[in-house]
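Chain lettering (A, B, C and D) follows the sequence in which the chains are written, and residue indices restart at 1 in each chain.
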């Protein structure tokens, strides 16, 4: 595994926990953790439960006892590491957004296609697909319970930099992150809605906004927080918010918004889908719940149902606790690890594939393009 | 109509509005308003839209052009006025709680029975029965959608006297009010749950509590508010909160609570019913909604449904606005007036009858009794 | 008053009820109701409580005893009636959208400006401004409780024509209605957000969508419902849904959506505003509630507060019931009538003025324009 | 650890995960798993991650390398194992309810007191104390943010045996379980409310109810589910529901209900507390949220706040994810393990102690007693 901060911890937990709740065809071994700094990486390996650590990820690709490379670093490093790993014959699980540009993503998708021919697998970490409520949403759409889809409404609302004194972390640096809210959290709602609909976005028009353009330099950071070093500031080179309208291939219209300035919304990935036969609504801040409206019911008793997605039979749920005992944020990563291991062991392609990751990248690029040209852009 | 403050205004609105939204067999005429003070009553008649006013309600009973007496005064006056009105051949709509004691209620029920023989009708103002969501709740239970009823959970939570400086209004005076939270708002949940279940409470055990036993004397009051006169205080002679457990004739167990000390709950009449086939939940603070759980559904998509009780076909709703356009507090009084007028015109007995009012009074008395004896009491 | 169906009933209720709850400087008299059909109008006058009726609205303008003309007809008639009324010296309350085109709206605003010089007043019926929760929202923004505004998110979601068998009412006919969801309900969210922010939309990019392009002809209709005549169909000439992005003069970015295809949403006018110091959220399906996030609080206890906008001191609320006793849909019309009467009596200009109505019309036109050109349009 | 089904899995997860997220003074080693059946226990040890397994828990008490005994078996075994373990000098973490009778609980509390003198610690597994939202609730009460406490309203609502065909598991057998809903889930709300208030229940009156008295025999079971063997049935010897009223030493009145027949409520542990200065509300089905009403605020903006208890600084939360990334059911067990290990390492008494467990047992016994005598009982 490369990277050992926020996602590093989430993925470590997934590898650690998965075999104790799910039947896995092979048992993952947490062998080597990679970072940039030898000492900090060693400490992280100890804390996160990895047997060894190194500051040289390339050396790991030469080891025969390593079969999987799990990439948990900022976006600017994904392409290089992923392509090298695939070429070295390692299965790759790569965090989202898959890349910082379409060009990188194309190269990665090509590498993945080549690798697949040799039985080497690649997957992108759009973890929210594995939140049981969103898996159930996809199932209901696939079963036709919503009919023809008319509307998609998707927002990913956070507020961690609404304070102008929040420091310049790598997420605010275009070099590292590729884009701001757009690629970081906008990518999730693009993937999640396409996944739920089983459809793709065909064209978009959007706008990007940076509300605070200069911030204190960060002295240290991890996850979403950070500590501001005194005195100096630097420019924010990414968007604070991205809004766009979209049209799906299948005829649905969509409204999307990703922002880090929605005061009071901490992690509100919200999705609504309206179809001719029914509707769905989801909010990650209440992640064990899926709201479902069945439009075919007697209107006298019809209404949005609060389905607690913890019943036996609900996706992934059987492995855990009895009905009503909710799951948390990191469970989706465990499910992701399980599906990845199973696909690799069965010799099938895990989803979302690098081709899916590329397609999302194209949507993001089209949004950026449209924000510049101020017109609709084909994906 | 007797009484012209809170309920006086609500009932006036009902009489005024009902004929414009509902087809009524006869058109109510708002003729005489009665109060204690000549001047204040005249001003109220002007404001509330009554043709005349008087400070002598007895004189009104002699008038041939008055057919209905609507009693909106504190409980200590209900028995006297209602019995006299019924004996004078006037149909009576009397506010709840019907009386301040079982003895009074018995006399009233007897008077109503005698009057009914002469085609003179009597009804108690348990207005919440006519909130569309609660009417729908009753219908669903009657249709068997909940199966056998196991549980009732009913609370009426307010907070208007949580401040010890809130003045001593008539509602805190046993002479006037009979009891405190128990009769004022506890009566509503007793009636509403019995109405929804189509069942009666057979035995209870309860406790009463007065948290603030001495309060400033009120200089003036109306509705739930009032102004404190400076200096003097007086004793609170009623309960601030009443809690009791109950067993229904049909086998359900119930938990009841009425309080004026639930900080932050303004008018939270909340009812939950759990049956073998489904469940219901209601909260008056979101009065256009009924939550319904259909336990016979596929567990994969089962969940409490938020039914917006504003659809064509829902009780009383057709008379008003299109779906989704909510009703307010006073609409229940309009529905009550409509049902009363229709029953009177059709020569049938309106519900809840004075016999129903007596039965509720017996439940309240049993709660008070059990609070003293500290044992269960039969109703 | 002209028009006697849905809005006719709502406005009649407002005129009827207002003087009994609010102190008005003059007492409105419900004199003449105008319609197209003599008989149906006479029946409506009886039902809605108007003294007289006529099928010739022009004749009414000549009467000295009529001081106010209240226009409750479809949009294609607003300009003609309003301008004639203003020129006849009648104060005008005109339903929204003010007109079916910018040209009409310009003429109306000019007529209103001329009339104002003679002390004759004009107002547009954006009734939701008078929902207490939205008035409170405006007050909180004006007081600076939200700081600098970053985001507006506004949706007006209905579902009354999601069924392709729903008939072609006038609302689906461009000749009569001007546009579809855009002008009918989109106009409300444009006005409401601009009202709350005290700011105006400067540019937009949007898209319109008609999901069902052919529908059964209607034999009769009223409000949102209707009856389908057998056999024949006709083309839907307006949008079923309108989505657009917006930029406000003050720097906020907005996302707007108006649709009649949001299955299960009956009347969900939802608005969220995020500012540097706090946020607001509102949903008309729970209209007595305003959600408020105070971003200046200790994070340990910060959270969206569910304010029940029924407290003494809340806008318009004192006139009604004690805390926690909710208002319904039509109360906003009563408040509108009250504010209109007071402005007229005081000789001040009521808001929203015809100039405001024109500005909203310009936003709607820019959205339509952008949907054609597929680029951003200045308002 | 003894017991390897539902709680066995939850506790195993806790021991496994705790050291990777929290700094622990000593690192727990998962050495021996005990069960009744050699083979099934060995399989469980493999799955749950224990180094060894045995069907003889007594043998484990003799091992020097075992320092902690974690008891995850049904209640009838707690006293014997716990007392033996404490006497053997092992620290004990024992699941709730601590025992099946007051007599057993007294013996356990005495054993714990004796052990404490030798530095051997004992703790009861009232895990919900460690849900961050409930820890925060306790903190707010302790800080005086609620003022004087007037009301407690606590319900633990489940529905897993509403179906009469659900089999007779050990939880429905008085021999094994001691009582039904009362001890299983009623114990949690007794502990949680006393914990939050920092107060104890002084007297109670209650009632017990068994709705389905005969059920199919179970062939196998685990957690809350089970498989019914064909044909035979047996008697349910415990309560399906327990309701009681309570008075706390500090003057608050409480209403409690524990049931397995609340159709549609899967794991609804709901607690409301109303005080003179504010109120709290919690529902385990939305476990990352605490509702808080601050009664000292300006009424114009006061309302129940939905605090997402995932902020830095909230109890236990810093160890996990950024704000808004929710925790799940099992996290409380991890927190419990952390607090237990820290207390043991620091040589302090962990809470809840066996004395606390005994006190809860006395409350449960008083409820049972009152259900028989039909009068209030002192605890």
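Operating definition for what follows: a contact is a pair of C-beta atoms (placed from the backbone, for glycine too) under 8 Å apart; a residue touches a chain by one contact, two chains touch by 3 or more.
This one's a predicted model, so the numbers in the text were calculated from it and none came from an experiment.
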| item | value |
| --- | --- |
| Rotation, 0 to 180 degrees and nearest 5, that superposes chain A on copy chain B via CA atoms | 180 |
| Numbering shared by both copies at the chain D-chain C contact, with half separating same from different | same |
| Of all other chains, the one whose Cα centre sits farthest from chain D | C |
| Between chain C and chain D, centroid-to-centroid distance (C-alpha), Å | 54 |
| Approximate Å spacing (C-alpha centroids) for the pair chain B, chain C | 35 |
| Between chain B and chain D, centroid-to-centroid distance (C-alpha), Å | 41 |
| Chain C: positions in contact with at least two other chains | 265, 302-304, 308, 311-312 |
| Touch-based graph of the chains, sorted into line, ring, star, complete or other | complete |
| Of all residues in chain C, those that touch chain D in their complex | 136, 140, 145, 291-292, 294, 299-308, 311-314 |
| Residue numbers on chain A that touch chain D, as the complex places them | 6, 9-10, 12-13, 16-17, 20-21, 47-49, 158, 160, 223-225, 265-268, 284-289, 308, 310-312, 320-331 |
| Of chain A, residues touching chain C in the complex | 146, 150-151, 153, 155, 157, 159, 162, 205-207, 209, 211, 241, 243-245, 247, 253, 255, 257, 259, 261-265, 272, 274-279, 293, 295, 302-304, 374-376 |
